[in-house]
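Below, chain A partners chain B and then partners chain C, in two separate complexes.
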Partner chain A sequence: MTFDLFVIPFFGGLIFLLVVLFIKYSRWIALIDRSGRRKIGYGLFSLQIFPATWEVFLESLLHRRMWKQNKLLGYMHMSFAFGWLLLILLGNLESRIYSGGHLNPPYYPIFLKFFVHDKRVLPFELNTLPGFFRFIMDFVLLYILSGLVLAFFKRIHSRWFGMKNTSRHNRFDQWAITCLWLIFPLRLLAESLTASIYGGGGFLTNSVGDTLAMILPAAVTPGMAYVAWWAYSSALGIFFITLPWSRYMHIPTEVVMIYLKHFGVKSGKHLNSFSEIEMRACPKCGVCIDVCQMKDAGAVGSTPAYFVRSLRMKEGNSLLNNNCMLCGRCKEVCPVQIDLLDLRIASRNLENQSIDKPFSYLPADVPDSKGINVLYFAGCMGHLTPSVKKAMVSIMDAANVKYKFLDQDGSVCCGRPLMMAGMFEAARSLMEKNRQAIHASGARILVTSCPICYKIFNEEYKLFGVEVLHHSQYLLRLVEAGSLWINHSGLSVVYHDPCELGRGSEVYKEPRKLLKRVAKLIPIEQERENALCCGGSIGDLALNQDQRNIIRDAALDVLLEPKPDFLVTACPLCKKTFSSAGTAKVIDIAELVAQQLEKADNLIEETVEESIL
Partner chain B sequence: MNKQVAIIGAGIAGLEAASILDSMGFKVTLVEKAEHTGGHIQNWHQLFPDRRNATEVAQGIISKPLANVSTEFNREVTSIQPFAEKFIISAKDGWVFNADAVLITTGFELFDAKRKEEYGYGIYDHVITSAELETLFKKENGVTLRIGRTPSRIGLVHCVGSRDEKIGNIFCSKVCCVTAVKQAIELKELYPECEIYCLYMDLRMSGRHYEELYKQAQEEYSIQFIRGRLSEAAEDKSGKIIVKVEDTLLGRPLKMTMDMLVLMTGMVASAQTASICSSAGIQKDSDGFFKASDPHLYGNITGIPGIFLAGTCSGPKTISDTLSDARSAALAVQSYLSAEANN
Partner chain C sequence: MNEKKLAFGYTVSKDRQIDFDEASLELYNKVCAAEPSIRLCISCGTCAATCSAAKFSDFSLRKLILQVRRGITKGLQAEVSKCMLCGKCQLACPRGVSTRALIMQINMNLQKTGK
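== the complex of A and B ==
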């Protein structure tokens, strides 16, 4: 008879979990819009299945991104995920040896050692099939237990795992994690005690069982073994029941999310049912908390892990929605690759939908400017740093570029700040104004000094026939084409990647290439994808000035560590923010290039004067 | 007896205190980082609110008798260290001096207007500071020379580097509002046809006769006051300055073309303040200026017995407030030194 009452907690929990997951996933998938559902329909029968499955294997089981983050962290997650799966799969195969290959109740392989006592097999006997399984099952259990030991140390000292912070748990999390931690030690205890009575254990369970038998009176071991099997089953059962409301919901949900992403389903600008899936795919691992600069400003509660949790618990509030610089550092490291910026913007959209200013003051006429190749757009921030636009004008004059300074007499905002605030409709009315002016000019290239403008021109304007370039890209092009002559300054500089240009638009190469022509570029610890935000971000609608200053100063500590002659950036807002500290010489890449032009001019003038004398 | 007092900074506060301590019979040494005494007042043309000649006032202070006062020029003090009931004062050039009491009168520095890059100072030719305007006033027809033609519209921008959270200075510099009104009148006198605009956040006419000056500026001189902070300045092809400002009374954005823009730069704590604070253990306040041990009761006394404060090193003050503060500091020094002598 392969049944005992103790299997009920496990079996009941499993059925409960499967029913809950089925209901939840079918509801979310049903709520995905028609085009999304169509994508799923096509995707299921497309080749996308293969890369998606491969990603599930790499990320959900092996935890490749976690490994990248930290080796111990990777090992710990892999031992739980991959180890547990192996235990289930191998246990299933092992059980077939004894059941004659028939279909078994799901609990049978899990509690196999309770039902089957194969005394014939010796602990280290590898040359028979049952012996092999006995060995490998103990080996996998040991593997998982090693991960558990790491998890225990991680709670005590997360720094060993490259993490300064771990997330706080809610009640469901606490129940689930307690059970999760108990599952494998209880399995070891139950199997070991059983092995000590009936024999038939592997190298691990047998030796643990023998040791226990030495300590315990023989009369109590059968009773204890039975209690251990009950406890093991109950731990599993409670874990399954609490799972859908705990952080461990990420285990099944991440798999669903990976497939949906590969099929092309996205959350986009509005919270939808795919966002619901994304929220639950977050394991609250806390990797994002570590990189989030909001905690420098004393706003740990606004870090992505807690933001996503409150969104999931429907406890979101205005402060949480708005207190984020949208710098994208979290998205870069998120092991689950959740689009944390889109989630934040979409939740802002729910509360900031209308605007009372109808932009009636905007100029109605489109400026006439035929016969030019290049449009220059300084942007609002460019106008707040006149040295940047002055530098651009002098460079384009020097290179004889036929250009028009589109917003010379004042900008119509590009719309990106409103987009970031979730005010999409208001943003679109501004975008339309700019789009008309850009198209009316007939220009083929649009150059902007502001990465904020660059991102939205590039991604949302859909300017057919117009190439959008940031000034760092355009200046490099002028230099490489031989239209611009610049000298090397001999200065040593550190380059700060602006969020919207770097992580936001993946422009890392061109500014560095250009800089190397005018100065000595010193590499720093946190750059490119890992660059820090300056703290001046217009993406945050809640930070006060003191908090911004803290973030700015912490970033400056990193940037100025190699003691460069200049801190170079490619964003007027970063320049303004860093300059306000009064501790560093900050310059825009365009200014540096313009200075090196100027020197060439001076040189010519001086020689002319000398020759006159 | 003849105790030695060191006064750090020979601006008007240092000079005033020196003359009083001298008359009380103390040996006084003035330590000045520049090569002349007087400080900022030397650069000023006329003083508010009565438009008194600044040189005249400076002379009035400088010419007071200083019998037992010696002055050390070109000595930039970097540290003051208490040592065996005395103080060791060290300067950048290696000069060291001992004193029984120290009075700090290091004053203020003008806010560096380049830090408000959006106003274009240092980038556009016709954006100048209020201090530069005074210098231009001191020379006759200076303004015309600077622009090269008679200006037809000039804007004065209040609160540059003051009451500005973004730049890190949340405090009011106290003297700029009335200075702007005074300079607006002076400009109007020079160029009666010129339109003069004051762009202000709010007007703090707190001193005696300031309000009258403001009224006069509006009624007699037709100075235009626009409530709104300048957002940015740009330069057009002819070198004129285009400013963008929101008129917050009308609730409307404005764009104006100016021949010249004058930035009313505020006061900030001098660079010396920080180094002296850390060496002597004196507290610095959140605004960067020195902190008195009790701003109400003992405004001249620091947390370190024997070190005193006077003038704008402990926060923005007008000239008359600075002089009163210097006199009261002299009394505080005297009471400290005579109590010490009795012990």
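== the complex of A and C ==
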């Protein structure tokens, strides 16, 4: 007997799922542009397949990044993913013992204990194959059930799992999660009841079966067992049918995404078919909600998990698109490594791309300045904090640098703010203007005070032959080359990583190295990749001033916790934002260096006064 | 006929009155609903003073907000397109107006009405 009516919900659900997944994935992959498709075709037969498969194993099955996040969270995910896979694989092997190695219908191993009643009494012995399987199958089931218990406790008290927040469920999610939670207890019940009638269970199913047999009258157990098998099959079936529209779509999609990423397919600046895959790879786990500072400002709805959901549902919610500081904290922790910043910018582009900005008023002539080595670009924000540019000028004078102050008489914006608003064309016309001026100067090094400018000069301008440096990097270079002599101030300072310089451009080392030469650097709880955003970000287009102040004050609480003499940052915008709170002495790294120049004049008083402005 | 004789080199200033019966406050109301911080503006001009774009043009956010408030939408699109979105005005504003959000709202609403 290898068929019973009850397998239909499972079997039908499985076929439905496979058909839906096949249609969805083939459509998305077909819509990827030609160069992307070529990459996939090439990648499938390249060595990339091995690291990709290894990553699938580590992330989709073992959930390595989840483990890093929290041990309990990692164990829970691993027990479901890896445990379930083991159950399927081992179940399949076990079924071959009884079917003589022939091909079986897919439901046969899943419901093996219903179809095969191995009445032999096998004490647990690893040298008998059926005994081994009885043991291992029960062990894996127990392993998954332990994860289920954790999942249950996570619902009650998510803080044990290092999570303060988790996302709300939609209707499909609720159906899917209910079924997912029922699948394994129902399997246990069905197998146990069957074992109590026919024997042949392992350590778990036998003992549960015996207990049930003691409680229940012998007449009802066969009927109940049959009902349990039906329920088990139905739970599987409903889970499969709801999966493509629920959060569990991330399970198959993450695998596809990892392979495509390894083949070199990217979403980039525009929403494309790969972005569709990325959106579905989001499990709405809520790890991003915890780190997102929008939550402090009372905008939980704008956190990445909900943004991605809105994107997936094609809501075109412009508030959600705009209400993000693009600080990148979410991208650092995302267990699926979705490029949340690119997605946000691309969705803004969809909305704002048609806004025309010709900038025809910009001067046509290019300043001629041959014979200099270094260009200094203060940037808009640099001009807003004059003490920073003054400090830079005094340092470069002291070091006898042959430089030109490119935007001394006012900056043409670098274009990054427009880029972040999704207005790529408008940004490009500004970029072209600056590029001409930079190339005309003949300089080999471009130094900028503003991390926002630094990021776009570095990544988008494609300035061949010109090295782009943030002033913290350049000053360190001057000091290390011996062109600049500075004293140690003896001050204790905390360093704030600006988003665009730290997470955005991965410049963590140089500012710290430079700082250690002039002051005592105190480590803090959240720095480098986990640094907080100051709240002044120009990435956001929707926050009001009160919300920004809340974010700023919360960040200051963390930064000022060790009570430093100065809060040092490397971004004029962060400096301006933090100064406006009036609670901290904020200073730019360049100002601190300028103060400590040998034979330094009275810069100290001047800069401190300005930081209060 | 006598105009020539009476030309002393003085002219009558252009009428600066705003007729609120004719002025359309449609744009202002829409922008106001989406970005209420426009109400906080006291037209002090700090934004215009610090503006990066104003270094190269006659762009003035103060003027722009006044125009929107008074329902003057003619030529507004060309004016608002001069903004580079750098965000200096937002940091300088003593009233905490979300100037960048405001610019985006004006931009988008003008885009929709095609003015």
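Throughout what follows, the second predicted complex is superposed on the first by the 589 of 613 C-alpha atoms of A that agree within 3 Å, B and C clash if a C-alpha of one lies under 4 Å from a C-alpha of the other, contacts with A are read in each partner's own complex, and residues count from 1 in each chain.
In the analysis below, contacts are C-beta pairs under 8 Å (C-beta built on N, C-alpha and C of every residue); 3 or more make two chains touch, one makes a residue touch a chain.
None of these values were measured; they are calculated from a predicted model.
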| item | value |
| --- | --- |
| Combined model on chain A: chain C and chain B, fit or clash | clash |
| Which superposed partner A:G582 touches (first chain B, second chain C, both, neither) | first |
| Contacts of A:Y361 with chain B and chain C, given as first, second, both or neither | both |
| Touched partner set for A:Q545, first chain B, second chain C, both or neither | both |
| Contacts of A:D409 with chain B and chain C, given as first, second, both or neither | both |
| First, second, both or neither for A:H383, with chain B first and chain C second | both |
| Touching partner for A:A421 - first (chain B), second (chain C), both, neither | second |
| Larger contact residue set on chain A - chain B or chain C | C |
| Clash with chain B, by chain C stretch, listed 4-12, 22-30 or 40-48 | 40-48 |
| Intersection of chain A interface sets (partners chain B, chain C) | 361, 383-384, 409-410, 545, 576, 580 |
| Residues of chain B defined as touching chain A within the complex | 115, 117-118, 120, 123-124, 165-168, 231-235, 242, 244, 252-253, 255 |
| Residues of chain A defined as touching chain B within the complex | 361, 383-387, 390, 408-410, 545, 549, 575-576, 579-582 |
| Contacting residues of chain C [partner chain A, same complex] | 37, 50, 52-53, 55-57, 59, 81-88, 90-92, 96-98, 100-101, 104, 107-108, 111 |
| Partner chain C, residues of chain A touching it in the complex | 318, 322, 351-352, 354-359, 361-363, 380-381, 383-384, 409-413, 417-418, 421, 423, 430, 536, 538, 541-546, 573, 576-577, 580 |
